[in-house]
Every structure is written in C-alpha cells, then in structure tokens.
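Two complexes come next, and they have one chain in common, subunit A, joined by subunit B in the first and subunit C in the second.
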Partner chain A sequence: MSPKLASLLDRLIAPALALALAMAIGHVLILVAGASPPEVFGALLAGTWGNGYGIAQVLFKATPLVFTGLAVAIPYRAGLFNIGAEGQVVAGALAAGFVGSHLPTAAPALVAVTTCVIAAFMAGALWGALPGWLRGRFGAHEVITSIMLNFIAMALANWVVADFLAQPQTLHTAAIVDGARLTRLGSWLPAFRGSAVNTALFLVPVVVAGTAWLLNRTATGHQLRSVGLGARVAEASGVPVARVQTLAMALGGGMAGMVGVNFVQGYKGYFEDGFSGGVGFMGIAVAMLARAEPWLLIPAALLFATLSQGGLAINALVPKEIVDVLVAVVLVVAAAAGARSARREEGS
Partner chain B sequence: MLAWPGGRSLGQAPGSAPRVGLVFDVGGRGDKSFNDAAFRGLMRVRDELHMPVEYIEPGEGADRESALRMLAAEGFSLVVGVGFIFTDDVNNVAVDYPHTAFACVDYALQTGPDGAVVPPPANVVALKFREEEGSYLVGALAGLSTKTHAVGFVGGMDIPLIRKFEAGYRAGVARTCPDCRMTAQYAGVTGAAFKDPGKGKELGLGQYGSGVDIIFHASGSTGLGVFEAARETGHLAIGVDSDQYDEAPGHILTSMVKGVDVSVYDVAKEVLDGHFSGGIRSLGLAEDGVAWVHDEHNAALLPTGAVAQVDALAEAIKRGEVTVPTTVEVPK
Partner chain C sequence: MSVAVELRGICKAYGALTANRAVDLTVDVGTVHAIVGENGAGKSTLMRILAGVEVADAGTVRILGESPARPTAREAIRLGLGMVHQHFMLVEPFTVAENLVLGHELLRAGLLDLAAARKAVADVSAAWGLEVPADARVEDLSVGEKQRVEILRVLYQGARVLVLDEPTAVLSPAEVTRLLAMLRRFAASGRTVLIVTHKLDEVMAVADRVTVLRRGERVGDLVTMQTSPAELAHLMVGRPVPMPGNRPDPPDADPAIDESIAGSASGGSGASAGARPAILTLDGLGLVAGGRSALAGVSFKVGAGEIVGIAGVIGNGQSELLDVLGGLRAGATGTVQFGGSDRVNLLTLSVAERIRAGVAHVPEDRADRGLVADFTVAENLMLGKLREFGPWYALGRTAVRAHADAVLERFDVRPRDPEAQASTLSGGNAQKVVLGREITRSPRLLLCGQPTRGVDIGAVEAIHAQLRALRDAGVGIVLVSAELTELLALCDRILVMHRGRITGEFLAGEADLDRIGELMLGATAAPAAAGIGGPP
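What follows is the complex of A and B.
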C-alpha cells in the first residue's frame, strides 16, 4: 500500500471507529434507559437529516463548530493548544453585538455587515493573541492562560452586559441595526423556514479554503508549521517563533470570534449573555476528530452538529445525558486513535 | 436518573387529547427548586388532567427555540418555556404557530421606544411572579428568628430577576430587625451559577463563619450547597421556589414558595377546557402566586408569635399598605 493511501485510510479509520464504538455504547445505554435503540436512532436521524428544518438546524449548528474547530486547529499546527476558544467566541460575539447596535440605522447593508464581521474577528483575535503573546514573550503555558482568559471573558461580558448594555429585564444588548443582519436561508428555501441557518454558512468554505491556503501555500504557513514541528529547530533556522505563536493564536481567536457572526448577525440580532454554551470547547473535539486538517473540520463539525440537534429530537425518549456520553465517546476514541497514528508517523 | 421514564411514555398514545410540551433551560431539571416546580406541575397535568405530556431539556442555549419549535410542529396544543430566558424564543415561535398556545414562566416584559410595555403575542400567556412579596415575608421571619442579628442571602446568577428576591428579602429583614447586618452574595456571572452546589456550600460556609445564622438562597441547585453548609455548621437556611424542607430537615426555617407548578397546571387546564387566553398574569401574594411555608415540619423552628406577625405583613401587602421594593438600593 502506498504511504499516501495508508495515511488517508488511517485518517478515516479513527472517525469511523469512533462512530461505531459510540453507536455500540449508545445502544447499550439506550437499552439500560428502557428505550428501543432502533426507535431512538431512527428519531435521531429523522429529526436531523429527515426533514428540511432538521437539515437546516444541523447546518446552523455546524457553522460555529467549524469556526471554533479552526480556532483550535490553527494554533495546533503551530504546536499550541488553544483551550480559549470559548472566551474568544464571547469576545467576538460581544463585539459584533456592540458595534452592530451602535452603527447608524441608515448604514448600507454591505458596510454594516462587513464592519460587524471585522469587529467580531478582531475582538476574537485580540483575545486569542494575548495567550499567544504571553507564550512567546514569557513562556507562559497557553493552555493555562487561555483557559483562564475564558473565565475572564465570560465575567467581563457578564459585567458589561448586565451593568451597561443590557435591555431592561433581559440579558442581552440592544438590537443591531437591520443592515448588519444576515439573511436567513429560510427566506429563499421554504424547506428551511423556521431554522436560524443563515448566510454565515457561506463563510465556512471561504474561511476553510483560506486557512488551508495559508497553512500550505504561504511562507507564513510554512513558518507556522515549522514551529509546530519543533520550536527550537525553527528558531535555530531563523523563524521568529514568538511572533509566529502570537499570530497563530490571534488567527485562531479571530476564527472563534466569527461565531458571533452566525449567532448575533445571523440569528438573534443581539448579544445574549451566556449564549455560547460550550461551542468553544466543542471546537476542541471537532479539531481533534479532524486531526487539525482544515477541510476535515467540515465533516467533523457536521457529525457533532447532527448529534447535538439529534439530541433534541430524542430528548423525549431518553435522558439527554446519553447524547453527552455519545459525544464524549466519539471524542475519546478519536483522540486515542489520533495519538496512535501520530506516533506511527513519527516512527516512520 | 437513567431509570426515569422518557417523556413519550409519560403520556398516553398521541390521540385527540390536547398534548402539553415543556422545555427547560440548559441543565434546569433536577434543581429541586424552580425547574422541578414546573416539572411537578407537568406531572399533575398528566395525572389529574390525563393530558399526554412531553418535556425537552436542551443542551445549549441556541436549542431553546429549536425545542419549542419541534413541539409546536408536532402539534402540541400547549408549549411551555420555563424561565425568563425563553422570552424571545417563545415570542418567535408563537408568531409562526398562531393556533398553538404558549406559556412562558418568568416572561420578561419588554418596553417599546415610547416606554410602553410591549404585549406578548396573542397566543402567549406571560406568567410573572411578584417574588419580592414572598421574599419580604421570609426576610421578616429571618429578622424575627436571627440570634446573631446577622442574616445572609445567596443569589444564583447576578441578574435583575434575582435581585428582586434580594430586594424583597432585605426590606423584610429591615422591617422586623432594623439593626440586622445583611450579607448578600451571588454565586456567579453565568447561567452555571444556578447549578453549582460546590460554590453554594463555599458561600454558605463563609457567611455562617462570619456570624450569619440564617441564609436565604435564590440560586437553583446551587442552594443545595448552602443547605449542606447549614447542616454542617448547625445553622438555618431558607428554601426557594419549592418547599425545600426535605433537602435538610431541621435546618430549613421556611421556604419562599413560587407557584410555578400551579400556574403551569392552570394554563393546561384552560387549554383542555377550551378557554385559554393569552396575556400577562402577575402572580403575587393576593393571587397565591407566592407564599411562605409554615406547617408541622418547621413549626418547632419558628419563634413564638412569628406566624401571626408574618401573616399580618402578608395581609398588609395584599391590601397595598406595604409596598415591597423590586430593586436593591443598598450598595453591595
């Protein structure tokens, strides 16, 4: 077998194995819960890929997961583990909500949308750059600093929203101007009506292609990957390691910030405190399952989005914890299989 | 947890009988407090009204609307959102399903640019409770019962809704014990603050350690940690939303009960009887929407004459002679 084919197979085996094992464990758990596995899995599929609304919701939920998957994957390629996507999501979404609600109401849609997207990206990038810089400048471990920055982002957002920006009796900011809002796909496709899936979905292939190009085809990407393979070797060959690490974390943070585009501009029309609900942490799972390969993030995000939306559909049949366990099983097996093949690559 | 029967088996086979669907907020059910009160109401709907029921507990915030929409699309006659956070979600879905009845517990009223209250859609009943009134009564009781002249409050997430509990409680304490010291703390800044018993225990131990001998909590399952602290240090705590005596027998002075269960049941009954009507319902002492618990369980814990005094204050509030504040003016 050619090494290329073997590595591709290896890459597919991990997710397939993860899924099969998750199904098997899910089967047992469903039986323990006193429900019928075929009925539950049937309802899971029917509620997701079985109707227009379900498909639309899966796409809606996959969109932020691709962004947070990128937020983890890009730094990962530079040898950094970004656990801070959750906080970067909050920073980006709050920026989109704040800027969007302070634009003049007459702002043309193109200007308003672009301004908000840039605000979301920049705020996430700033929040991500901080642990990157701390790593490069002082050697502070980015896992620790980015985790801590999650709490700081959430606490700051809560304070700013609760004390300054919130509308009375709510936990959300004022509505963004109409021009900054994205169109829901349901307004073109009747089958998607009711779902929050919106044109932010179209950003996904653009951003993924851009990241793949940056990583594989540019000098910056080459530097980034060389730091990932070994910071000392890269430094010895003249790569500005600290700057590259900061850049990788900033790019990742910016991607996480883009979740705000989907949620604030595409769905709610405002920033709501506590909306992110772990989507940043799920990004770690998505990136691990996709082995930090930009294009593989899309199927990985679709898988987790299906489980998330499907979890709602079967919620009435079995305790929701079962779906949480399924997600965790997929993640553990994917991580283990990933580590195994990474070791093999090192050995080869 | 696993042994709990799934929702679909809770009701009879879907037939012509109107069905009731209920959606909790993330991690809501099992708090032995607010959400479980709604769940009790749903169970009464199933058992006493014989209506098929189903409930969903979403895993993340964006799923609230999706869950409501699924129930409405499946043809449920009444769809209930449990918690103020559902306000916009219920509004959005209700507009798309004008023939479905919706209820939102703790619905947050919005005011338009002109300052006037924006009414909810016609098929939505907004269930609002005047928690400050019940909190005032348990505050008055705490003021009468404290031996150290220091009482405490543990809130969940720091939001206006919970500050309403604190405001009423403070006013009640000040009424019966003007020189009492008051310590008020909140468990956190996110929704997780309503389900963090560890944090609740930490706050509880801290307050009891500082001389406080009675703590009122309004913090969901976080309060279970406050009770644990009360049990360990031999102090008293006050429950919220449900009668929480059983969570720490002998240490629960009283509970500020919120009639979430009754309100859910009442709306379901109206749907069953065919005279549901939307609109805003403000439920306070006068409507039996809130109350304080005094029965044979906690009788031994109550100071002599306290029941009469607190009940007299309740009557005064009902008559409008006492106005209870809804916001905290004392700086924290």
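What follows is the complex of A and C.
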C-alpha cells in the first residue's frame, strides 16, 4: 500500500469509527425514548437526503460550517488553535451588511457582490489577525485571546447595531442593495424551492481548493506548515514565525468572515444581531473531524449539517436533543482517535 | 568532634555507567566540606543519595549519628539534613513566606496563618543576614535571592546539615562572595555544610576539608590548608595541571588576564588567517543570558577555507556562540563582521537575511532546530530555500523532487526516498539531510554544531569528508564539538572556551589533547599563551 493511500485511510478511520459509535449510542437512546431506531434513522435520512428541500437545507447549513472549519483548520496547520471563529463570523457579517447597505443602489451585481465578499473577508481577517499578532508579538496565548475577542465582537456588534445601524423597531441593519444579494438556488431548481441555499455554495469548492493549494503548493503554505510542525526549526531556517502565525490567523478569520456572505447576502439581506448561533464553535468540530485537511472539511461539514437538519425531521418521533448527543459522540470519538494517531506518529 | 555525615561504601550504577564506586565520606560537625570533581565524576549522585533523593545500590548512610529508617528525602529531612538543589524547587507565583511554609503550613483555627509565616521568614532571615523580603513574589526575585529563599527554607525546616549542589553556578561574583561568607557563618554556629563544586578557588576560600571524586571513585580526602589548587586539579584529572597558584580571587574577577589571552588569540588568528581572507571577524562578542554572562569578549577570525573548532565543557558558551552567530539569540554585544568586500555586521541581520548573505547553520540539536519530524525528507530539504523552486504561488514539484534526489544521492542518505518521513531516519541519515540542505545553499560560512552527535559510526567519516571538501572549496567553518578527537581531526585551528571566554588557541599539529582538556577545565593558559602569537 502506498504511503499516500495509507495516510488517507488513517485519516478516515477516526471519522468512520466516530460515526459508527454515534449510531450505536443513538440506537440505544432511541430505544430508551421508546421509539423504533430504524424508523427514526429512516425519518432522519428522509428529512435530509430524501427530498429536494432537505438536500437544499443540508447544503445551506453545511456552507458556513466549511468556512468556519477552514477558520480553525488553517491556523491549526500553523500550530495555532483559533477558538475565535464565532467573533470573526460576526465581524465579517456585520461588514457585509454595513458595506452592502451603503453601496449605491445602481451598483452592478458583480461589483456589489465582490465588494461585499471582500469586506466580509477583510473584517474577519482583521479580527482573526489580532490574536495572531498578540501571540507573535507578546506571546499571549491565542486560545485565550481569541475566546475573549468573541465576546468583544458580539458586544460591539450588538452596540453598533442597536445604537447606530438598526432600522426603527428592529434589531437589524438596513437592507443591502439588490445588486449585492446572491441568487437562491431554488429560483433555478424547483426542487430546492423554499430553502435559503444560495450561490454562496459555489464559493465552497473554490475556497477549499484555494486553501489546499496554498497549504501544499506555495512557499507561504510550506512556511505555515513548518511553523505548525516545528516552529523552532522554521525559525532556524529563516521563517518569520510571528508573521506567519499572524497571517494564518488572518486567513482563518477571513474564512470565518465569509459566513456573512451566506447569511447576509444569500439569506437575510441584512445583518441581524445574534444570527450566528454557534457556527463558529461548530467549526472547531468540523476541523477536528477533518483533521484540518481542507478537502475533508466538506464531508465533515455535510455530516454535521445532516445531523442538524435531521434533528428537525425526527422531532415528532423522539426529542431532537438526541441529535445533539450524536454530534457530541462524533466529536469525542474523533478527538480521541485523532489524539491517539498523533501520539502514534510522534512515537514512530 | 562528632560526625555529621558518614557514608560507607556507597555504590550506584545507571545501567553500564558507574556513578559511584564504594565511596566513603566522613564530615565532622561544624565544618564546611567540599566535594570536587569533573563533570560526571559522581558528585551530584553522591549528594542525592545522602539526601535520600536517590537510592544507593550498596553502602550505608548515617546522618548526625542516625541511620535513615528508609532511603527517602523526608527521612533525611527528619534527621536534620537539608539540600539546596541546583534547580530551585520554588513555586514562582507564591510569595517567599508562602513558599517557606509549603508542605507544613502553619494553621490557626484551620486557616493558613500567613502572619506567623512572615514572622518566621523575618526571624530566620534576620538571624542569618539573608535579607529576603517575606512578601515578595518568588518570580520577581533575582537568581541569588531565589537561592537564599531555598537556603532559608532548609534552615526553617530545622536542617543541621546543609548540602548545596553547585550553588555558585548561577551566581554573580559578588553573590558568590556573599554566599561563601554565609556558609562560613553556618559552620561557625555548629551547623555542617557540604558543598558540591568544580571551582577550586571556591574550595580554597570556604572549605575545611575536600573530598575529590574521579570517575565515581574517591581519589582524595584532604585538609584544605594543606593542599593547593594544583594538587586538587591533579587529583581531579589524574595528571598535573598548571594552575594560577593560590589566588584567593576567582579567575573571573581578574578579567585582564582573560582579555590578554583573547587579544593574543585574535592576534594569532590574524597571523594564521593572513594567507586566507577572513570571512568572519568577531570582535568583543558578549552576551548576558539568564542574568549571567554567557559570552564575554569573544574575538576571533575565521578565514575562507578554514575550519575553526571550538572546544569546551558543555555549558561554557559554545551553544550561545552558535545561536548568536546563527541569529537565534538576540541581545549580543560587540560586532560580527561577515563577508569580503560586502562586509556586514551579522548581528544586525535577521535569520533569513543571514541565509541570503551566505551563512549556513547545522544546529547542535537536530531534533530541536534542524529537522521537522513530521515533514518528508523533500519538505525538510526545502527549508530556507523556497525561492529555488519557482514562484512562491506555485512551487515546482519536479524542481523539489530533483533537488531532493540530488541531495540524497550526493550525501548518500538512505533510504533514497524523498517522501520518507524525517522522523523515520536514523541519526546519521538525518544529519546528512541537514548537512546536505545547508551545504547545497552554497554558503560562504558554515556554523556547525555537534556534527556527529548521535550519528552511527559509518556516517561519521562521510560527514567529516563533506566538511573537509567544503573547507577545500573555500568555505569558512565554525565547528563546535564535544568530541576533542573530532576537532583534532578536522580543524585548522582550535579555540578553547571556558566560562564564555576564549582561553586558548591551538594551530592544527600543535594541538595537544591534554593541554586542551586542562584549559577546558579552567586551568590558566599561560604556558600555551606564549605559543599562541607565534607563526606555525
């Protein structure tokens, strides 16, 4: 077996194991709740991958998870743990909403969309770069600073929206111009009608491919990975470690900021306080399950999106909190298996 | 006079290494007793056995006339023995008072009675002139103050016998003087002091008796008044060593001597480098690390096509020298001129700029600084030379592969697999990868630390051949090695470092293993200095 294939299999073992164990525990819980497991799992599948709307909703929910997964995965490859995606999402979305609503109404779609996407990316990148810079400059641990910056971002957004940007009687900003809005896929595909899934979905493969290229085929990616796997070796080879760490956090923050594209430009048409609902934190789960490998983020995000959407579908049969338990089991097993194989690599 | 400490027939082996071989030791109450020996002579092991931190394979321990019921540190403390370790055992964020009572807190109504602890600090501190502020946090104290807190704690625990393991290694000369005076006061008060050291001037200044260990065996037990540093050094090394006589001052206190040596050393290198243009010129390089001087007045030249070796006992500044030259340690003083017509002060350049200027670095610790364990060999070979593989946004896979194949072939790395993980390589092959990466930068200067440490014998000769070939191609090489034989085999010149200073210089052919060994231990360079300035 070629080492490439072996390492791919090695990476897939943990998620597969996690899924199997989650299913087994889900089985028991469903029995305890007095329902029939085949019926519940059947309903879960039917409500997600079983119809056009379900598929569309899974895709819609998976899109931000890929972005926040990247937000965690990129810094992770540079040896940093970004817990700040939640705040970076808020920064990006607020920027998209603010810029989008201040563009001239006549702005052509291409210009308006691009401007908003860039604004979302840059705002998230700035918010992400901050803990990276604090780490490189002062040695402040990014886990602590990025967590704290979550609260600061949410409080700031709350204040700015409530006192300056909110439309009367609401807690959201003015609507963005029509040109900045993204098309819902339902307008092309009747099967997807009713779902908010939109063209932001097409950004996913582009961004994932770009990240994979950046990490594996560029000088920047080589430096970033060398800092992640051996910062002291990198330093001795002339890599500007602090600068690379800041860059990795900025890139991650930018990815989180792009969640705003899906939400503001693709769904609501404005920024609304408290919309993010934990997608930033779910990004940690997605990245861990995917072992911070860009392409694996997509299946990992789809899995979590399926469970999330499926929870709604099975709510009539069993409490939908069962799905939260499944998510947690997937995570714990994936994290444990990841740590085990990391130890094995060290030991070899 | 009664006996404070009595060790009989202490034996201790770690695997094949014998640390102590049937060592006897008797220390009288009210005396200061020094244990001296070279690095690895078994001094620390013996003291750790006495303090109950290590268990002897054979032999008996008696402390103040009693045998410990169990060989534990707690039992040794109960019998009145306290040890001040080389590495402080203090809780940094706690105050002095909190540290002092740690483990036997004073309680009042179930609550920690810090007022009583503070009073205890004040009492003990005043009684001995220790001058430690009770409410200062340990992390804010200087090294010397921390050591006094350690001593304070041992006294507070009621120790009648104090053991200090290399207590002066971390202290400034003024603090050393102060500590030694304090030890004398302890002895005068009827306490007993055992001090482990390899600094003979301290022994002469403070000890009543001296026990000399060599390779785990006791080779001497002398009254300080009746011996001399020369005799002690002779016993330590096993052959006569020229010493600076019975000077009471430590050699450091008289920098003029060292300066003159360093000066003549650089003069000598000027002469020997006359034929070759100097590629590297150090002038008065100094570095303070951890509150003490790691490098002081280091001046020498390296010619193009010359291998200059640095000999020294580990921890005498060689590592710091390499780190400073490689750009991995900031804060050095002095200048380091590098290059020919394009002369620059290396100290002003970043690591990346040094690499571009033509400096290559084979770090002393491969695992720490040389190779990314989870990278493939090919990825490791790209470090610090990414520009060679095409534009930054699209590194050429074929170029990467070709470079890796070429290095593996030229340096005979096995397996010849660029995709092998670096962590799977043997020591010798890993070192060849590092060396290959650095040599193929086409450097003008190579900084090379411990090139054959942990390397299989088969690879040693290959690595030596590569270094010679590099030298013959006109590259200047600074070679730090713990292996004297390696330095003798490779170097055009050997400099000896002791306590951060260059204390001797030898040209190839004139180098004498015994003399270098003595200088490494801190013997004076006077006889050698006469030979330094002259032409080969």
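Simple rule for what comes next: the second predicted complex is superposed on the first by the 343 of 348 C-alpha atoms of A that agree within 3 Å, B and C clash if a C-alpha of one lies under 4 Å from a C-alpha of the other, contacts with A are read in each partner's own complex, and residues count from 1 in each chain.
We adopt the following convention: contacts are C-beta pairs under 8 Å (C-beta built on N, C-alpha and C of every residue); 3 or more make two chains touch, one makes a residue touch a chain.
Model, not experiment: these values are computed from the prediction.
Bringing the complexes onto one copy of subunit A puts subunit B beside subunit C with no clash.
Of the two partner chains, subunit C is the only one touched by A:T220; subunit B is not. By the touch criterion stated above, A:Q57 is placed in contact with subunit B alone, subunit C being left untouched. After overlaying the two complexes on the shared chain, residue contacts for A:G238 are found with subunit C alone; subunit B is out of touch.
By the touch criterion defined above, A:G230 lies against subunit C but remains apart from subunit B after alignment on the C-alpha atoms of chain A.
Taking Cα centres throughout, subunit A sits at the apex of an angle toward subunit B and subunit C that amounts to 120 degrees, reported as a multiple of 10.
Comparing subunit B with subunit C, more residues of subunit A are touched by B. For the pair subunit B and subunit C, the least inter-chain C-alpha distance in the overlaid model is 27 Å. Across the two superposed structures, the residue set of subunit A contacted by subunit B and also by subunit C is empty.
Subunit C makes touch with subunit A in their complex at residues 326, 328, 350-355, 361, 363, 368-375, 379, 382-384, 386-387, 389, 392-395, 397, 419, 421, 423-424. On the side of subunit B, the complex with subunit A involves touching residues 1-8, 26, 54-63, 65-67, 69-70, 73, 84-85, 87-88, 96, 108-111, 158-161, 189-191.
Taken together, the subunit A residues at the contact with subunit C in this complex read 3, 217-220, 222-223, 225-226, 229-230, 232-240, 345-346, 348.
The residues of subunit A lying in touch with subunit B in their complex are 29, 32-35, 47, 53, 57, 60-61, 154-155, 158-159, 162, 167-172, 194, 196, 263, 267-268, 272-279, 308-309, 311-313, 315-321, 323-324.
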